[in-house]
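One chain, chain A, appears in both complexes that follow, with chain B as partner in the first and chain C in the second.
Moving on, here comes the complex of A and B:
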């Protein structure tokens, strides 16, 4: 458990009380979010990531507040803590396609480490295809079993299509970013976007981008998505480089894998419901994204 | 002299529903189109909202792995929803699709909200290919009144019936009782939409939606007093691939409002056409708008006034299903192997001659797969 007085002293704060013990602190300088890190390398990566994200995008983000000694972290029993400004006002994406597209374009093209290069790579996600094998599903031939088998076939078809699509993809530099978990990470401060980063390990690939786009499509609609992609493309070339690998990512049946791996922990009905919802989100995104890429290709032909 | 008369608001749907690749129909076993709407008052308007539910069962073709060699990425990467891939106990595929419906009617045009009735008056389909279902349906909303000058209400009885006037695509059964009816075309708002789906010639469909109005047997001398205007939605041409038009845009909505204002107290109909099954659960997009024409010219006199409805979605036209007969106004059956007119007539407790007459057959021979229209045995419950 973090000691409140130690945190206040380290960061030169006079007053403070926990709003959420060990996590959210109310001080005379506003609400402060506390993160505890156990992995120093990950912490250092996040410090670099946030600094460069703010620098490259011009967007306010939850950088590490310095201690009175000018350090970006402070030692604690569990490891290290970092303190961040907490903003709770939600950011509305409505009619902000250009602004947001610019942000995410720069976000996914950001490179924070020297070893990251612009070298093009053939990319295919690390997907456990064994789960699509019929032999992996030898359950009862009941109604649930028939459902799993029917969906498995379609999931296998998705995987095969993704593989074939990927064979046609041109190599591209693979994004290496702080994974976006939700569009809710954007907050509003002084009428500007304030981006709250996750504390996850950096992600190589397009998984979080596909998730973010699916969420955008669901809440903002196709027209808005296309406008956002148009803007994003100026900074993160989807049309020429990243579009097909991204589509490959979206096409893979991650939902089915999660459905199977969830196993007996949840009821079949609950798992099936989640599967259907996520599957439908992916389906809509694959359709929209492929349509956007098709339109682009048509324009190029002309 | 002003006389309020019960009328109907009617429109036709001709729509193609495309199934995903790998989801083709080997044999269609049943198909029904059923209104599922709610009716509620909102200030000086009555809102009829919901959808037409298309539900069916089919025997799917043997699964084929769609090749990834189509021209468009969209075709290459499409896949089915969980619902679509789920098969029922008998190994049959299930078709579920809904056509959103949104109708706004000025309250002054309605005597009693309980009288409002949404019905599918006629419903037919064709299978031009195993991956497509072409639907043709007539939908009407009854229980709307019209103020009409110098018209005396006439009870037309059972002989009077709705009639399509867009001869371009209304044919067959819609005119089957032509001889018994007197038809008058007063006006229609006609919306044409072309939807081009790029890189796929077979997907290039021309859509016709007709929102039309009619009534039966007006006084001949009064016909001249009616304006035979045809309203055409000039903006009806859409390119499916142009995402600018894929939603009910704010501009379109404003258009609708402006037109509604211009049209005075006209009912406002929004109807979303079908998409391929790829489009299930899509965010609101490509919703078409229909507006009625001049009020006096768009309504249909009820066959009998003062009829009461017992429930909202009262009318269900089903094919090949065992729906309750009392709701069936127009029934059809598909001739199965080895069946004859006699066996069909016997099964439905009809006479062969009535089947011959109804279907305008010159001979008693029928072939497998042929659609026969069955004379209604009794009026639908809503008309009781």
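Moving on, here comes the complex of A and C:
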């Protein structure tokens, strides 16, 4: 358990009380979020990532507030703590396609580590294709079993299309970013976007980008998505380099894999509902992306 | 004038300092921020990336070497010394009240000369001698001056052909030959500097403030001066900064050569110029650029200022040039040469 007086002293705060013990602190300088890190390498990566994200995009982000000694972290029993501003006002994406496209373009093209290079790589996501094998699903021959089998066949087709598309893809530098979990990570501070990063390990690839674009399409519509992609393309060349690997990512039946892996933890009905929603989002996104990218080499359908 | 903190980009900038203003006022190029925990000065400026890095480096270096006669730049809560917002750049300082009246007799020029000398002393560095670099600097300045002289000679020739001369033109022509004499003197001293450095095979640089002037200095009630605005700071010869400061002194109030020598003595008490640097300093002062600038402005006049305005400004600059000549002569008089 974090000691309140130690946190206040380290960060030069005069007053403070826990709003959520060990996690959210109310101070004379506003609400502060505390993160506890156990992996020092990950913490250092996040410090660099957030600093460079702010510098490159010009947006505010939840960078590590420094201690009175000028350090970006403070030792605690569990590892290290970092302190961040807690901003709760939501950012509205409405009519902000240019601003947001520029932000995400710079976000996905950001290179934080020296070992990251501009070298082009052939990219294919680490997808467990074994779950698409018929032998892996020898459940009951009831209605549920029939549903699983029907979806498996569709998922397999998607996987094969993704594979075929990927073979024709030009190699591109693979993004290496802090994964975007949701568009709700954008908040508002004095009419400026404040981006709240996740504390996840960095992601290599396009998975969070496809998730973010799917969410955008669902909430803002196709026209808005295209306007955002047009702007994003100026900073993160989707049409020339990243479009096909991104489409490959979107085609892969991740939702089916998650449906299977969720197993017995949830009811079949609940899992089926989530699968149907996510499947529809993927279908709509692939359709929209193909239209925007003007993919003529292969008609892509889900 | 009170300013609303919600306005762009103030709120987003101050957010990065965890500052919650109660009131904001515009004071020149600075915003004066009143908070429950004290007052701050937020400066808005434009700097490219390289300039911004250099500025931060300069402020950190001043802190490291323990030069206290400076208004410090405060870091954001993330440890940054500057904040960028689009093409604008901001930095924050504690608010220092600038006093004009002091508790004991204080002459701002003397204090500034002393503190500038201390800055130069703390940052002095002998540069690697390169004859190519030296020659390039010498030739570049000589060419620039020659070009300016030529431009002014053309202007003088042109107005000499006028049937009726305007009061400004008449004043300019009256003093033109003196300006040529001073330009030649400037070149003479520049050559002496060049030969001196060539002989010594060494020259030094200091951290020059870049724009040492009263408006870039805050005095406390005891008469201690704190320099601010290091945006134009540069590593260069001390003669550059001293000449800039003296030009500013010359323009801000009446002075004579004794006073000029007194200011220089105060400076040199803390940081003595080498002989060749004195020549460079005098060459910078002697070149009649300020007089020529008035001619440029007169040529580009848009009718917003009166003829009288141009004439009085020009006369003031001619007067300064005459004083510089006396100052220069007194500095290089035989008794001073043996100092």
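Operating definition for what follows: the second predicted complex is superposed on the first by the 294 of 302 C-alpha atoms of A that agree within 3 Å, B and C clash if a C-alpha of one lies under 4 Å from a C-alpha of the other, contacts with A are read in each partner's own complex, and residues count from 1 in each chain.
The rule is short, and it goes like this: contacts are C-beta pairs under 8 Å (C-beta built on N, C-alpha and C of every residue); 3 or more make two chains touch, one makes a residue touch a chain.
Because the structure is a prediction, the values reported are computed rather than measured.
Engineer: Pick one for A:258: touches chain B only (first), chain C only (second), both, or neither.
Structural biologist: neither
Engineer: Please work out whether A:203 is in contact with chain B alone, chain C alone, both, or neither, and reply first, second, both or neither.
Structural biologist: neither
Engineer: Spot which of chain B and chain C makes contact with more residues of chain A, would you?
Structural biologist: The partner making contact with more of chain A's residues is B.
Engineer: Examine A:65 and indicate which partner it touches, taking first as chain B and second as chain C; both and neither are also allowed.
Structural biologist: In the superposition, A:65 contacts chain C only.
Engineer: A:99 contacts which: chain B (first), chain C (second), both, neither?
Structural biologist: Touch status of A:99: no partner.
Engineer: So chain A touches chain B in one structure and chain C in the other; where do those two contact lists coincide?
Structural biologist: The overlap between the chain B and chain C interfaces on chain A is empty, containing no residue.
Engineer: Touching residues of chain A toward chain B in the complex: what are they?
Structural biologist: For this pair, the touching residues of chain A are 143, 146-147, 150-151, 153-154, 157-158, 160-161, 164-165, 217-218, 221-223, 226, 247, 251, 272, 275-276, 279-280, 283-284, 286-287, 290-295, 297-298.
Engineer: What residues on chain B touch chain A, complex-wise?
Structural biologist: Residues in contact with chain A: 22, 63, 65-66, 68, 72-74, 76-83, 85-87, 89, 198-199, 241-244, 246-247, 249, 278-285.
Engineer: Going by the contact rule set out above, which residues of chain A touch chain C in the complex?
Structural biologist: Going through chain A, the ones touching chain C are 29-30, 51, 54-55, 58, 60, 63-66, 70, 72, 85, 189-192.
Engineer: Touching chain A in the complex: which residues of chain C?
Structural biologist: 5-6, 8-12, 15-16, 18, 75, 77-79, 84-86
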